[in-house]
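Labels run A, B, C and D following the written order; every chain starts at residue 1.
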Amino acid sequence: MMKVGIIGAGRIGKVHAKNISMFVPEIEIKTIADPFMNGQTEEFAKKCGIPNVTKDANDILNDPEIDAVLICSSTDTHSKYIIEAAKAGKHIFCEKPIDYDLKKVHEAIDAAKNAGVKLQIGFCRRFDHNHHAVYQMVRDGKVGKVNIIKISSRDPEPPPIAYVKVSGGIFYDMMIHDFDMARFLAGSEVTEVNAVGSVLVDPEIGAAGDVDTAVVTLKFENGAIGIIDNSRKAVYGYDQRVEVFGSEGCARNENDIPNTAVLSNESGTSYENPYKIMWDRYTGAFVAEIQAFVDAIVNDKETPVTGMDGLYPVLMAAAATKSLKEGRPIKISEVE
Amino acid sequence: MMKVGIIGAGRIGKVHAKNISMFVPEIEIKTIADPFMNGQTEEFAKKCGIPNVTKDANDILNDPEIDAVLICSSTDTHSKYIIEAAKAGKHIFCEKPIDYDLKKVHEAIDAAKNAGVKLQIGFCRRFDHNHHAVYQMVRDGKVGKVNIIKISSRDPEPPPIAYVKVSGGIFYDMMIHDFDMARFLAGSEVTEVNAVGSVLVDPEIGAAGDVDTAVVTLKFENGAIGIIDNSRKAVYGYDQRVEVFGSEGCARNENDIPNTAVLSNESGTSYENPYKIMWDRYTGAFVAEIQAFVDAIVNDKETPVTGMDGLYPVLMAAAATKSLKEGRPIKISEVE
Amino acid sequence: MMKVGIIGAGRIGKVHAKNISMFVPEIEIKTIADPFMNGQTEEFAKKCGIPNVTKDANDILNDPEIDAVLICSSTDTHSKYIIEAAKAGKHIFCEKPIDYDLKKVHEAIDAAKNAGVKLQIGFCRRFDHNHHAVYQMVRDGKVGKVNIIKISSRDPEPPPIAYVKVSGGIFYDMMIHDFDMARFLAGSEVTEVNAVGSVLVDPEIGAAGDVDTAVVTLKFENGAIGIIDNSRKAVYGYDQRVEVFGSEGCARNENDIPNTAVLSNESGTSYENPYKIMWDRYTGAFVAEIQAFVDAIVNDKETPVTGMDGLYPVLMAAAATKSLKEGRPIKISEVE
Amino acid sequence: MMKVGIIGAGRIGKVHAKNISMFVPEIEIKTIADPFMNGQTEEFAKKCGIPNVTKDANDILNDPEIDAVLICSSTDTHSKYIIEAAKAGKHIFCEKPIDYDLKKVHEAIDAAKNAGVKLQIGFCRRFDHNHHAVYQMVRDGKVGKVNIIKISSRDPEPPPIAYVKVSGGIFYDMMIHDFDMARFLAGSEVTEVNAVGSVLVDPEIGAAGDVDTAVVTLKFENGAIGIIDNSRKAVYGYDQRVEVFGSEGCARNENDIPNTAVLSNESGTSYENPYKIMWDRYTGAFVAEIQAFVDAIVNDKETPVTGMDGLYPVLMAAAATKSLKEGRPIKISEVE
């Protein structure tokens, strides 16, 4: 039985803890660490059957019984913990992004590589049933050569302004998932990015130096073209759809909805909106990514989202940020 | 913390045990009993955190610490265990049907009533998200007065012939769920049943004295008309759809499918079939019915599927069986 | 250029006249006859390029230049005109039903047969793009052996009570289309009919001796089972759907809607209802049936809806009427 | 009865002639002119009830009986005929685009303005039922303030290479429709265009100096952002979808398909692809635009697609062409 430690007991740390306790019987969470550990978190840990709680991540990093760590702390600590965990010989699952500083990203990736430990980045959407089904169609050649990739990704509500101010901007904090999805679906690297953005949802987001509506076009090495649109606010729910158009067909998906009931009355025919909450939408994806991490360790395989997969979306976010600022397309080579 | 015992560790008993251990933290399974208890089942119980396993249901019935029982044993033992559990003052969740013998059904219902314990019958489909959404639309008056109810219910594969021989026939073993659904949606009692049936899937089913394709029309007290169609074999999966047509509109649902991906290529546009497996289709429903049972006990409410709800579908199955045999509509009053 | 005459310039006669003038250039309408011919109808005829208008159908029947007649007069005159047209050696397209009197139906069919003229009955729905697509799937073996046929057919508004009183009842006037559709889809004859009916839409319909909500189950010779549901009032539009379930799959269709636009807002996701008007829904079907009639004449083929196809739905309506009255299933042989 | 002349009896001229003869009884086509007039076209004109055929457009322009002209000749003659028709005091319906030379476009618009005649440009898609339904939702405020507009427009087959060489390129010949649609839906002018393009369908298109796959992002004056994707080849049919996302909701449409039949079998569930042929897809739109033109004349209203509506898409095409060439966003002001 593999033993893991979780660093960070915030929202995402708790999601992983609960999922592992319910759905991943192959691993056992020995310790959960958080500098703000309190009674409530201890109670939570108990419910999940986690025997040890601590304020000090070193209790995990220095524990020889622990085989792997899940890094769910704040982004600014990711690379540090990756490097330390790698040194301690532990396999690493790290939430996205590794860091916004490309030098730190490279150091973290190198550390894991040199230590020979597995490193998986938490791009959970790759494991979503709907996105993965489109991916599988593409990989199975069902759309032929990929020509156009379209991704719509819209949140039900903007985050608090306080968060917007420190998030690094819409490209780093929101579209980074879509950058990853674009590469995942295309099977090719992005060479150039052009970003357009507006403040249409909330002027305060503009005042904080960010945009809330953004469209990015991507050029891929293989000639394919990508389009991503983001909005901080879709009143009808969490809108997440992808489309891959190719020489032999087109694969696309729709949002999940809570139920399939349809009502027809005098005013028209209607059905329910997509989920409003990310955790409801990607429930299965969070479980599946941990299962894939365990599988990579147990069967000594490459993880399905490598350190380099963590690097490229950051490069794309850097390019998009620069493109929006300068009003021109930016080559990835300009930001590497 | 309420303590329960599970009588019967077959397929459905295990489903409830696992669901409770994962999703119903409000109750604790103290004991699981099965006359065929073996090492494998013991292992399963351990994984679910059930401390006691036994071959003797009396270890549950006589345990003063246990507040409620889940009766998941074979149908012929249901009424007996209901009566015994009622005498022991335990709340009862019993898998459907209570019995095929109406006298026994009445005795069981009376026993629970006299003992003042809760009795809930396991018609899980009432708790399915898609069916419940249609039900809610109907109850909210969104379709107005109910005029027509249509239920399609088709299995992906016929059961083994050995089972067909003892199951009581398609009306008792398969359509009984739809009889319950029809009453649930109509909010009115059925007064007359007309059954038509054919052997179209497998001649062996005919040789066993049953039909494999059946259509039943229902007359409700309030004038509404119901239609149920059953087939033992739908090659495209487990097909479960309902439709309620009324004076102000029409509510209907579609099957859940594993993902929303759609592929368009030269030959057409296609998507995935519904689930093939009942347990995949009704996962949430099995959890929700137990949560409702707990809620009824904790908040001292009527259970959402009462003993009488267990009785009526059996009456309808009896009427349908007689109707098919005699080739004429049968009033419920003829079989009571 | 084939010349035709139209007997009857009511609603359906005008539809055919307009359609032929617009979409069937292969034929020329020489004369239109109606006992109530007036200035307005003359104006209409002129717009359609019909040179002759008359009050006397004999001007058509006795015109040696006219090759074929469309009988669009009131039902009670159908068989008479069929017989006369047959005697005059003219091919015949006759609106449904031939008659409610089975003797007259047989006489009409025999007259056409003996005269060696083509006879096609106006069951237009066979030519509808959606129903025909399901039919074609069934004929191409895509659903395998047919096991269950389901037809929903609901009108947006009941007809005037005056009409209800003389229409022959819901089975003759409304469900007759569905009886034809059931045979068309099944490729097998009906042997027994069981009808259930209620007055749920308008008590005046009940007072007029009819029901407004009806469900009929059908047994087919090949063991397949059919279900038809009719309502005189669906507030959301003209609801016309069929489903054929078989050993290898299930083919079904949905209603046409005026456009594909979908709106998602805070209250849900909605789209437009089906058409409210039969003529909008079956526009193409009315054209296609005339084209098929022309094709049968020009290429000397059997018409796609023969006299016998006109007879059977009347038998089914008779059986359904008797079944509803007597509260028992009626064999077709009981009404022949 | 208004009399019109049609200049140009090629594909689109014939479509208008046939549509008017069948569906627009308010107007009468007196003359059709084409320099390549031959027996076949004469035969066609006869069938449409057009009394006069000629090789000389002046027979229309100089005919005092003719109130309006439809200019369906080759693009290079559009502006010339607009100017001449305006001088002759005739209302003008002109196929898109007016010209690729902005000077000529302005001259044509001015000529019509000065002559006080109506000028309508043939952007037929505005009149398509699906696109118009989305437009109507937007205009009715159902999506609130427009934030993002997405248009997918993909042809089933590339045009002949000979045509590609003279068409002016994908932005002038194909995306020009989508540029118009974007403005139509946004209700705001485009200020900047960024184009990305690839040769992914046929290298010969690249050899001819064009791209076959193109994505353009648009900035609108009001801050909204637009995305258009074009491909010369979609194997599954003519793919035409729009989506408007705003502060209060999202309106989008799907393609029309030939019928609604759906087949579920062991391999999945499938339905038909969209139409392959533009004329099938936009049948109703071609009729509706002529009806709107007639309505503008008869009721002395502004035409729904004015000369300026003809100008802007040409500006956008010019900007997109320049953007693709120079690899940077181009402001509309740079090409005016």
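A few remarks follow.
Here is the rule we use: contacts are C-beta pairs under 8 Å (C-beta built on N, C-alpha and C of every residue); 3 or more make two chains touch, one makes a residue touch a chain.
Here the structure is a predicted model, which is why all the values come from computation and not from measurement.
Shared contact partners of chain B and chain C, listed by label: A, D. Of the two interfaces, A-B and A-D, the higher number of touching C-beta pairs belongs to A-D.
Using CA-based centroids throughout, the chain positioned farthest away from chain A is C. Centroid to centroid, with C-alpha atoms defining each point, chain B and chain D lie 58 Å apart. Taking each chain's centre as the mean of its C-alpha atoms, chain A lies 42 Å from chain D.
In chain A, the residues that reach two or more other chains under the touch definition are 235-236, 248-250, 264-266, 272.
Taken together, the chain D residues at the contact with chain A in this complex read 145, 147-148, 150, 152, 154, 194, 196-201, 213-215, 217, 219, 223-225, 227, 229, 231, 233-236, 239, 245, 247-250, 327-329. Residues of chain D that touch chain B in their complex: 235-237, 264-273.
Those residues of chain B lying in contact with chain A across their complex are 22, 25, 47, 129-130, 132-134, 137, 142-143, 248-256, 258-266, 272.
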